[in-house]
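In order of appearance the chains are A, B and C, and numbering begins at 1 in each one.
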């Protein structure tokens, strides 16, 4: 097979190194900008001059700032993101126990968003200018201006309070229960995301429907449905995958809000709680993990694009 | 990696209009101006004091006296929504201006000077873009503490990248253009060439982008306030009001419904305005 | 010749512009026998591509519509067919290949898959049969090592190979008539000759009839049995290759011939026909070539010349035909 096309899989991480380093630098600077002496913050009420001195020496806080950054990097490479002040456990371990709901939420909403967006975009593109197209356009324009937290509440109002179909909040135990709890949060993000997707997918479909290769497919006698399914759809999905990758940061931002709204025990909720309890190590850890995840998703999107689009060659 | 802050921006200009860009533009303008007028005239238009608590009127359903109902402190929701327009409009406008100024300056200088400075700036932009927008904002606000001021600072620190990229790409093209060369051959100073000659031409797309960015800033501001880090109660702000109403969602749906609708209409106003402006002026750039 | 395979009568393509109908193709009539190759020649914008798109009913814009008396293909009047009926004709009866093979092949689909698409649709073949058939068709169009090439993507083919692949896609449907729209224009000269030879070869082996659209008289001279010259949406002259090339009677045909470098290879500067074709919305009342014609008479300016047969198989629409077929 043509493995040369995937050579970037090996070389890209090297190019990403500066970005990852930058991420660590920014989080380091952020935590260091916290007003007050970190040792005093760490010790809280028990701070005596003696104890502060001891902590300072222990954590290298009496060294120059760039040495401290090197310590920080070294710890980072050992997977040590510091201790959560609130939970008294390793921040990374804490994040690991909370990652599942977040992952489920992200994947679930992307899946759901595609399930909503592809049919809607298809309908809109194939009835361009008709009433159904206009209706879908109204839906997407409204969707772009919808605050996710409010949309979620309205869904709760409708599905949970009014119809009693889904739980108001929480995560539950066991997969059936978890999935049941995930439906509304996923739907909330998916609705907002699909507004973006429909707009773009419809536009690429319209371009694709006018393309030469689609004319050629029609000249072969393929029915409009077959032309759409076999040629228009795959070709217009390529930019959509890129769009999803570009929007991953937005998606993660959305999960932070939605986890808080639905009390899902994910890392977004951990972040918000960490901010309120001044648990800086957790805030730092979550920010770093999410930034790295964003970088990773973009990297994966490149691989996916290469896989579905044989033309792509990445230098 | 590409594209700024949230989703779409570069795609917001998709020609997808109610037939004519003008209609979209005027409709958006009407909504935004309408909210602006309400905000300005809040003291006269709002039927009640937005902060006035009344124990006898707690959780009243919408009625003639209180068209949007009252909240758990007996405050009139309609009045709070109208007063909230002041804060939310301010948030959208100021929240756009700071990143715009910061990003424009950095982008212009980086693009004009080029070389190592430009390389460093581009790297910095890559790194900031690697963070999910809201996560970095929340992390910054965690340090600065809650409040509207922190929101503006965080917004500026995170939001400048989109403008910097936009301006930089424009400057890179313009600085090779004939009139820039002509200005240089006339012996003009770099500052005069950059700010007097290149900037006015480069700003166009950023100004258009500002409009759609206002939607994102508004939604972000409301979200940050909803999470409890932005505007603090008892000040009337739409995101905060939704958060306050959440506990009463089962018994008093109106508390969070109406402020949310206010966000939706204003956001739609801004995005229609952005679409309309892009449509009307799009071909010029 | 018995009844021709394809008979086109008064085919027009109308575009609706500002409440006004303008004919992009104006009452085109011709016939095509079995195994015949007809060259359709004219400047760009003369309506030759539009005419063929109209035969396929694949017009590029919904503003365009087809009118006409009849388009009979093997006894079926295509103009009477509904969309579903027309779809059954496409590929199976009427195949088409295009100018730019790169953009007319789906970049995300393997070549073999694209060929198999038509085979499965029109011959009801299974996936595996279609693949075997696709390899066979690839072999016929001269792709080396078709067994492995069948799984390639279009971008892995060179320009000439892509054109062969596109021909293979059309052949997979096994059409009676193949419309080739400038099949060699985007290719190198050496590759051009190979593709033309392939088309001739296919005609000989499969008895395929073809309409070959080209602006290049050289291409047409090498391949076609008969030639139809179009100008501004109308047919000016139609006859056998010899009639048109040796004794062109329409000043425009003669002009085209004179423009061709091979016509007088000694000359350094090529001849050109002065002026521009008339604009669509602004057609002269008389002969459409009148404004550029050296022989135009007052009659030409007022009356649109009708196509009439001047000798067996040779039709002409001109008031002031050339008598000796010498370039003016």
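Simple rule for what comes next: a contact is a pair of C-beta atoms (placed from the backbone, for glycine too) under 8 Å apart; a residue touches a chain by one contact, two chains touch by 3 or more.
Quantities reported herein were computed from a predicted structural model and do not represent experimental measurements.
Chain closest to the overall centre, judged by the mean of its C-alpha atoms against the mean of all protein C-alpha atoms: A. Just count the C-beta contacts per chain pair and the biggest one is A-B. A separation of 56 Å divides the Cα centre of chain B from that of chain C.
In terms of their C-alpha centroids, the spacing between chain A and chain C amounts to 53 Å. Taking each chain's centre as the mean of its C-alpha atoms, chain A lies 21 Å from chain B. Listed for chain C are no residues, as none touches two or more other chains. Residues 210-213, 215-223, 226, 230-231, 234-235, 238, 308-311 of chain A are the ones touching chain C in the complex.
Partner chain A is touched in their complex by these residues of chain B: 1-3, 5-8, 11, 14, 16, 18, 123-124, 126-136, 138-143, 215, 219, 222-223, 226-229, 239, 242-243, 245-246, 249-250, 253, 256-257, 259-260, 263-264, 266-268, 270-272. Interface of chain A with chain B (complex): residues 18-19, 22-23, 25-27, 30, 33-35, 134, 137, 141-142, 144-151, 153-154, 156-157, 161, 168, 196, 199-200, 202-203, 243, 246-254, 256-257, 260-261, 271-272, 274-276, 278, 280, 283-284, 286-287, 290-292, 294-295, 298. The residues of chain C lying in touch with chain A in their complex are 56, 58, 60, 87-92, 95-96, 98, 100, 103-109, 117-118, 121-122, 153, 155-156, 166, 169-170, 173.
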